[in-house]
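Next come the structures, one after another.
What follows is a pair of complexes built around subunit A, which joins subunit B in one and subunit C in the other.
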Partner chain A sequence: MSLIPYIDHEHPVTGVTNAKFGIWLFLASEVMLFGALFSTYIILRTGATVWPHGYEVLNIPMGTLNTAILITSSVTIVLAWAALKMRQLPKFKLYMGLTCLLSLIFLVIKYFEYAAKFHHGYYPATNTYFAIYFVITGLHGLHIIGGIVVNAYLLGPGSKMYATEPERFTGRVECAGLYWHFVDLVWIFVFPILYLL
Partner chain B sequence: MSASHGHAASHDEQIKHTLEHWAHEPFWKKYIFSIDHKVIGLQYAICSMVFLLIGFGMMLLMRWQLAYPNQPLPLIGGILGESLFPGGVMSPDTYNQLGAMHGTIMIFLGVVPLSVGGFGNYLLPIQVGAHDMAFPKLNMASFWVFFIGGMIMMFSFLAPGGAAASGWTSYPPLSVTAQNAQSYWLVGMVFLITSSLLGSVNTIVTAIQLRVRGLSFMRWPVLVWAQVITAFLLLLAFPPLEAAGVLQLMDRLAGTSFFMPSGLVVSGEVLQVSGGGNPILWQHLFWFLAHPEVYVLILPAVGIVGEIIATNTRKPLYGYRTLVYSMLFLGFTSFIVWAHHMFMTGMGTTLSSFFQATTMIISIPSVIVLTTYLLTLWGASIRYTVPMLFALAFLPMFAIGGLTGLPLGLTASDIHLHDTYYVIGHFHYVVAPGTLFALMAGVYHWYPKVTGRMFNETLGKIHFWGSIVSINFIFMPMLLMGMMGVSRRLYDQTVYAHGAAGQSYNLVMSWGAWALAIFQIPFIWNLIVSLKKGKVVTEENPWGGTTLEWATPTPPPHTNFLHEVEVFRDPYQYSPNRNLLPQFVKE
Partner chain C sequence: MSSHDSPEEIKKAVKLYIGIFVALLFLTLVTVGVSYIHLSVGKAVALALFVASIKASLVALFFMHLKDERKIIYATIGLTGVLFVFLMSISMYL
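This part shows the complex of A and B:
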């Protein structure tokens, strides 16, 4: 046992473990990061003489499909966490595996979207619309990749912790889930402002 | 009763076990890639002091060019290289690089890592009674990410075109079109920001979750409050600059136009960019960080000074709660004053009035903070130790810095003062004889606890009196020169009539700066030599402090405490006959 308390049980005053407190703080800073990018979008768009409508240049069906995929993956990661709470490791592995699979499909679709843009000669340097499109979706994509790395670790080598410290491991999955919901939530904002408006 | 005794016994057992385990760790795990918050704190402190020295050295070179324009630098001018110093004279490009990097290094690699990374890491866990930070590995990662960021900044001098040269503010379009290591600067900043984010998450979680029994929020030492508020500022203000850094990097590398307006003419030619961007957007994103950053620079200093004043007056801090609420209010308000740096951008009178009003409001809690400290001094029998001298000097110096800021916060007077030496004088009073003096006070105050040796008092006093006199010869003339209208980034101000008239001030400032450099020698000498030669300190509480760091053995072992500690009362309590009532002693 470590000398650091509240690793696998909640602090009586704050009601959270250290890791959960930490991940919420981290997400607060992430809100500021994406908040700055969305503000940039607003400033650029309101100051622009011409601004393309998202539906004229982007692929709405693909974007919609990706939205559905991400929302589904948020559901599966909750099911994975709930399975752990009920101490059902195989079920956890199934749902966590599904989450990873869905996020990989998201990236594949995103790849085809990017490839189509490049094919049509749309690059970040084309205009400020595509500049902000590539930066926000690119940064969001990096967050997806980061999530996949963490989730795959928890599915694979990281799950060894379940045998010795099940409560701590469940806490880790919950933190990964909170992060994953956040990444999902960012997309819920990205999709309407870049694709639909 | 017996249950709690059993718990305490097992806790002490665990401490013993951890210490034994730690003793067998290899050297690199104990001192290099260490997870011990004290080692990481010292790594931060030593690195940042070296960076402070480097940044200071750059300024000393610049001061030669300012005092004796276009004259070859004596002794070392010839060996600094033909490309940077043709014929021993600093080239304008070199001047710009040193100017930009002096600001960057002093703020992001010097003062913040020393106050937050050094003092925060070392003292905060001990002051809340924890055995380490909440996330020790994250703590180690945060230091090494900082280190990489610092190295990228330093090595950027070797890049083609030299280091970044668009000022520490990196305003576009200049910074986007610059043919130099501006991209390195941006990547370095992303590393430094990431390090700050990891550190601030760790600080907040540690302070709140790892408090020992009895340590309620209103019993936190004032330094803990200062560090936690600072951590919130870093956590929430830095990400917009990270975003802005990524956008500027895209502008430079991918040819986007986030900050590039249409039809921009550079060197007589229209720049081939898609255009439509907004250079003012960078300023908003930058100052959204950089104004809270001012409070990041000042709050830990305020905390350190509070600890030292309470210890050396042996009185409770006057109005502790008022002080805490003022710092909280400072923290919140610092997020809504940023555009007072931008009155001259033409953003409109409505916005300017708003930011003028918030700027005036934020000066109120700053004055309250200083007032509580002054009232603590009232009627005290003060012990004039070296740290106390620095802490006392902080009060008037920070006051000058703060008060000279008011004319800059008023839109009318800012028209005249904006972008002049007055601005430089103002914020250097805040950061140099303000924050840096407080940090030096902290270095002296905790030196015996950290090293187990006492520093040399005489050398400390030479350092103090030499510094306080010479530093005012640097910054006071700046205020005057600024009021004459001399612009802040001139390579040679004598080419203008009003600049030539004020040139004699530059001589005073430069000689003041070189004198200041000489008076840092006893400081550095003292820090190094006292490690071996200083009087050995074995007692736990050499100054008679009341907070938990004085309950640890000197120097503190890996687990900080050898027994479980508990807090019984507010900090800074002394009985009426000035006997010590530390937080950790029952009666």
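This part shows the complex of A and C:
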């Protein structure tokens, strides 16, 4: 007996679990949150007299590597979900573990990138380009950290639920996956906008 | 939570996920490669956003299962999409 109804089976009206509907509503709000920052970027850039090319001030190989890492982690988390669907818990743990590992590597690379910027004297106050660069990548980084916390929980203590309520647990992993794909999706736009243009 | 939950269907889906993964990595290399050509700003922005949109669609359709989802989810995303496009439009043209 759980307090929130329809978390392990579909709600008759929506056709989806409340958990899934809930995560999609959350992602909708996230679209507008990042949308506000993209909008800010457009206004700052179109209004600026000078704007550095991303490739002049950022490290493209590092950014490309991080893009590949994030895309890979998106694949591993969807494979983790697929493993649960096939009732293979060890395989789920392997892929979820890989997802967490890849996300941590992403953060480490991001740390080195930030450190290099600070080393060169580039701070958020340096110019509007770095202001928006640090705000967008910083907020994205916070989303990565949030995802790691949830994914690590599902990999560790949270996975106990699989023994008693496998459907509900699979649903949780699906929702965590939807969030993680969204974080990947944001980066797919952030990377060209800040690094390549 | 759809009707495509049998182990065979999931196995097929896994193969598809790997295919999408390769496509995404390839498109990333395309975006990076094109950026080294240094096109004019307009062309570069159009091309980069075009490729990013393809990648985003692949992630949304296949990894987020939007290819086969319920009406209520489409309605939620549709409304968000309209608001997002409106926000981007007023940023660009006002």
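Going forward, the second predicted complex is superposed on the first by the 194 of 197 C-alpha atoms of A that agree within 3 Å, B and C clash if a C-alpha of one lies under 4 Å from a C-alpha of the other, contacts with A are read in each partner's own complex, and residues count from 1 in each chain.
By definition in this document, a residue touches a chain if its C-beta (ideal position, glycine included) is under 8 Å from a C-beta of that chain, and two chains touch if they have at least 3 such contacts.
This one's a predicted model, so the numbers in the text were calculated from it and none came from an experiment.
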item	value
Which of subunit B and subunit C A:His120 touches, first, second, both or neither	neither
Greater residue coverage of subunit A in the superposed arrangement, subunit B or subunit C	C
Partner chain in contact with A:Leu3 - subunit B first, subunit C second, else both or neither	first
Subunit B versus subunit C as contact partner of A:Ala131, first or second or both or neither	first
First, second, both or neither for A:Val78, with subunit B first and subunit C second	second
Which superposed partner A:Gly47 touches (first subunit B, second subunit C, both, neither)	first
Which superposed partner A:Met32 touches (first subunit B, second subunit C, both, neither)	both
Which of subunit B and subunit C A:Thr67 touches, first, second, both or neither	second
Common interface positions of subunit A, toward subunit B and toward subunit C	14, 21, 25, 28, 32, 35-36, 39-40, 43
Interfacial residue positions of subunit A with respect to subunit B in the complex	1, 3-6, 11, 14, 18, 21-22, 25-26, 28-30, 32-37, 39-40, 43-44, 47-49, 123-128, 131-132, 134-135, 139
Touching residues on subunit C, where the partner in the complex is subunit A	1, 5, 7, 10-11, 13-14, 17-18, 20-21, 24-25, 28-29, 31-32, 35, 41, 44-45, 48-49, 51-52, 55-56, 59-60, 63-64, 69-73, 76-77, 79-80, 83-84, 87-88, 90-92
Subunit A-touching residues of subunit B, taken from the complex the two chains share	14-15, 18, 130-132, 134-136, 138, 197, 200-202, 204-205, 208-210, 235-240, 242-244, 246-247, 250, 254-258, 273-274, 276-278, 281, 284-285, 288, 559
Residue ranges of subunit A in contact with subunit C within the complex	10, 14-17, 20-21, 24-25, 28, 31-32, 35-36, 38-40, 42-43, 46, 55, 60, 64, 67-68, 71-72, 74-75, 78-79, 82, 85-86, 171, 174, 177-178, 181-182, 184-185, 188-189, 191-193, 195-197
